[in-house]
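Take a look at the structures listed below.
Both complexes below contain subunit A, partnered by subunit B and then by subunit C.
Let's turn to the complex of A and B:
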């Protein structure tokens, strides 16, 4: 069974990635083996030419545009990109590379907290016990508010609001802590909804079966529903975390957290070039692309597993 | 299907050619401007500078919003009050523009040095000249020589204790993009990393809440903050000059720079700049100097 499943997955890859000229699934072209091969070769040739011409036109645009030299100097200056990556205190330049470590720290800490906190919210919303009604209402209110308010306002509100309150233990935290608190508050609202979608996707018959076996409502949630729900929502969860990786940059607005984007901003305004932003963008890509590919693989694996279980596919 | 692809390929080629075909036009205009510059350098008459303007018959002057006091008044650059507003109108007058021919436009600091055509004739926004910056944009000669100053809450330890060794021990904060931040890092060299805020207003509120112990800004701004904005704050003193100065910002190779420089030189020679400094920055004399 798994062999069959993985073949399906490979087919999918071939059609979408390896042969861009191949007819899309469900089209009338490519029916029958011979015409498929012929069409495939020709399409491949045409797509090659098309790709070369397209990329050539884009490159030509960058090389021959009247402002090309200025853009290269401003955005892609190798010397300044190197300086921005490493930083140079004697020139007042900050290191974008060092800043990225802060982004990664914030991301990792926030992620763990979000996964836990959001699950609690999602489960609270799911409980049907009348005694717990106020908690259910709070959970609804929470997701509504924090999904609706822009993250940057949440960050400002906590980072500038908490210290102004002069409360012991709360008002003296670092910007790093305030930033993570804001990220957790905002993202937990999204992730709680993702969890909830997963919980709702588990068929009612599963709960009925669990209850008929004598499991309590809580136990059927814990041992039957949640394991299935979480597995279903792993790809969308990872998608939210790709977004979280980038949004850690917003914490810099509080001042004390000089992460990659803020370091790039400072370097840019010191030298009047944007090469430091290019460095920051490349570094963020190095973070997000592996996670994106990993998500794709999980989705593909999930699809193949489901197809494997469903008997005849075509 | 195949036809569609071929059509698409031709469309792409066509698009590329159209874009490339259109490029020589702006390039030749630039050349013409440069040629004109050579012949016109001697003449700065109102008529002679018209081709160099962003908009003929109008002097387009840019600054950021909010425009801070005492450089501007009430975030309204067009009222002619505040040092930079007054200087801009005086320069305009030297070039032969009437007050109504000066048009103000908002240009965020970050955008002022972007490559590509500028949407203003010059930008006046407390921008310090540095050699690195001058490779990307053009600066006029100085219209104000800047010194950095230290602001703190009256209750702060820094008010009494600011020897060079003491100064390294405090937590500083500043606005992003300011040369004050570079000053903190290169001259004060504090042990704790300074906080960097999006705006000066964020830095001020951090000072009030005790999230930072001191703020560095140019002397007039520092005086204004301590005298009018944060009630329980004080300007501890100013640092000796590092030769820093504010210049008007132009597009690189803008032929207008030579004429504006001439105008500023005239304003300095005939005492206008000194008069404006007394009028708008006047309360800022006899400030104690501290050593970084």
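Let's turn to the complex of A and C:
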């Protein structure tokens, strides 16, 4: 990309319109991906100053705002953050840290089930066999409904509705199970659509090549289309799972599952400050940020492997 | 789906025989039996009638080149033979068997027909070798190591053995197209359909692909080739068919079609080719 402002003779009216010493057009994005527009050293200096000023402003907001002291006391109370994290049964405090393990458990179980069910639904919608027509309709209906209904209503519906049915084996499960069931129902609808987008992104010529070898529609899907589709959708898929990870906190609304958010709720009502929520928030970040970085690495690895050619290169 | 509808009477190319150069290449050479026969084939996409009554027969080991302007129906014709496009009217017979009849197992038919596309269509998520063994292992049920051995042998034959563990993105267009040809050959097809296989290639890469096709022709492969390479068609074809607006306007030995075309539109088409310096 040329340095627009410094090209001699080019963009004459742009040059004359600008006051001397004004930054060249396009420099608004200077600190990020466009930093090379400014040239190396100057860019580094500008980005350093900008970062210092920005962080300073944020700190100042916390220190000098009229209610800053109260906010620090309520949300960032070190003593009570520690108590909330570890828990203290003698004071009636639950451990937010231990609660988080429950969140992770729910997340892991739900994730596996979602990956499976969503794929089944996406594939059902793809197969053109007339015998499968009712299933295809059902799959469409399912995704429409569960993408449209808020997760929290699904959680209420199952958590409070299933026990009321008095069906043996279904109505006697724990809130932990109902919570997972609700997460799976809701997220499978989203993830199925992600899969479907991936399937549709594989070019028809790939299907033609597969079918021309004599592969059936199902085998073409399985060996040619799905592997490519899944690779394409890994980033959006992991994005959905980052969202799933934090939505496990919504299961707390059923009451009996003392996961991180529920523990924080109880602690805050005991300690009369909100620091326990800060602990829960930080713990969730500890989970979701690595997941986000992991996503980036997977993408980078897949790109480099394909371009590097040999399968042994990672 | 019922498997044996076509396979049993199909005869097809013999599996397990020598890969190239054997007499069975190009399908079972039954006396007087046509490899392919198209009878009054019509094909429309919506209101657009692309094929308007194609009649053509291909003898075993015959090489036929389809020439004609873009949109004349060459590609559609090949895709119909491979049943990638259902025909609207007419019949297609392979070794005497109607493959457009209802109830025919299209997967079984396609096993015996290799097709190579203009844009290669290799599977980008598989290595070169896996691209080649996918068909034999998943369709023909050949054991994986056996298929790999055969695939490797084919790659050696066409000078691609060093690339067998590479992914297609790493290969040049010419190499990719040669791999695509090998992928089709790995199924030991009785007939090969080549759909403008050099049109997407840089000029300097065209000859390596044409070389492979010449080799196939010399080995006796039955081929139906849609091409814009007139010089190549003149050299390799037993018969040339000129397609125009969905019908075969003129056909005959290359010498006759290229030097003394009878039909006015053929003359016009060839004149434009000559003027463009491509013949």
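The definition used in the following text is that the second predicted complex is superposed on the first by the 261 of 314 C-alpha atoms of A that agree within 3 Å, B and C clash if a C-alpha of one lies under 4 Å from a C-alpha of the other, contacts with A are read in each partner's own complex, and residues count from 1 in each chain.
Everything below uses one rule, namely that a contact is a pair of C-beta atoms (placed from the backbone, for glycine too) under 8 Å apart; a residue touches a chain by one contact, two chains touch by 3 or more.
Quantities reported herein were computed from a predicted structural model and do not represent experimental measurements.
Of the two partner chains placed around the shared chain by superposition, subunit B is the only one that A:46 touches, whereas subunit C remains out of contact. When subunit B and subunit C are set side by side, the one touching more residues of subunit A is B.
Legend: residue contacts after superposition of the two complexes on their common chain; A:242 is shown touching neither subunit B nor subunit C. In the superposition on chain A, contact of A:124 is made with neither subunit B nor subunit C.
In the superposition on chain A, A:138 contacts neither subunit B nor subunit C.
Of the two partner chains placed by superposition, only subunit C is touched by A:213; subunit B is not. Of the two partner chains placed by the overlay, only subunit C lies in contact with A:228; subunit B stays clear of it. When the two complexes are laid over each other on chain A, subunit A has no residue in contact with both subunit B and subunit C. Looking at the complex, you find that subunit B touches subunit A at residues 1-2, 5-6, 8-9, 12-13, 15-16, 19-20, 23, 26-27, 30, 109-110, 113-116, 130, 132-133, 135-137, 173, 176-177, 181-182, 185-186, 193, 195-198, 202-203, 205-206, 209-212, 252. Across the complex, subunit B is touched by residues 21, 23, 27, 29, 42-43, 46-47, 49-50, 53-54, 56-57, 60-61, 64-67, 70-71, 73-74, 89-92, 160, 163-164, 175, 252-256, 258, 262, 265-266, 268-274 of subunit A. Of all residues in subunit A, only 205-206, 208-216, 219, 223-224, 227-228, 231, 305-312 touch subunit C in the complex they form.
If you check the complex, the residues on subunit C that touch subunit A are 1, 79, 82, 84, 107-108, 110-111, 113-115, 117, 119, 121-125, 127, 134-135, 138-140, 165-167, 169-170, 183-184, 187.
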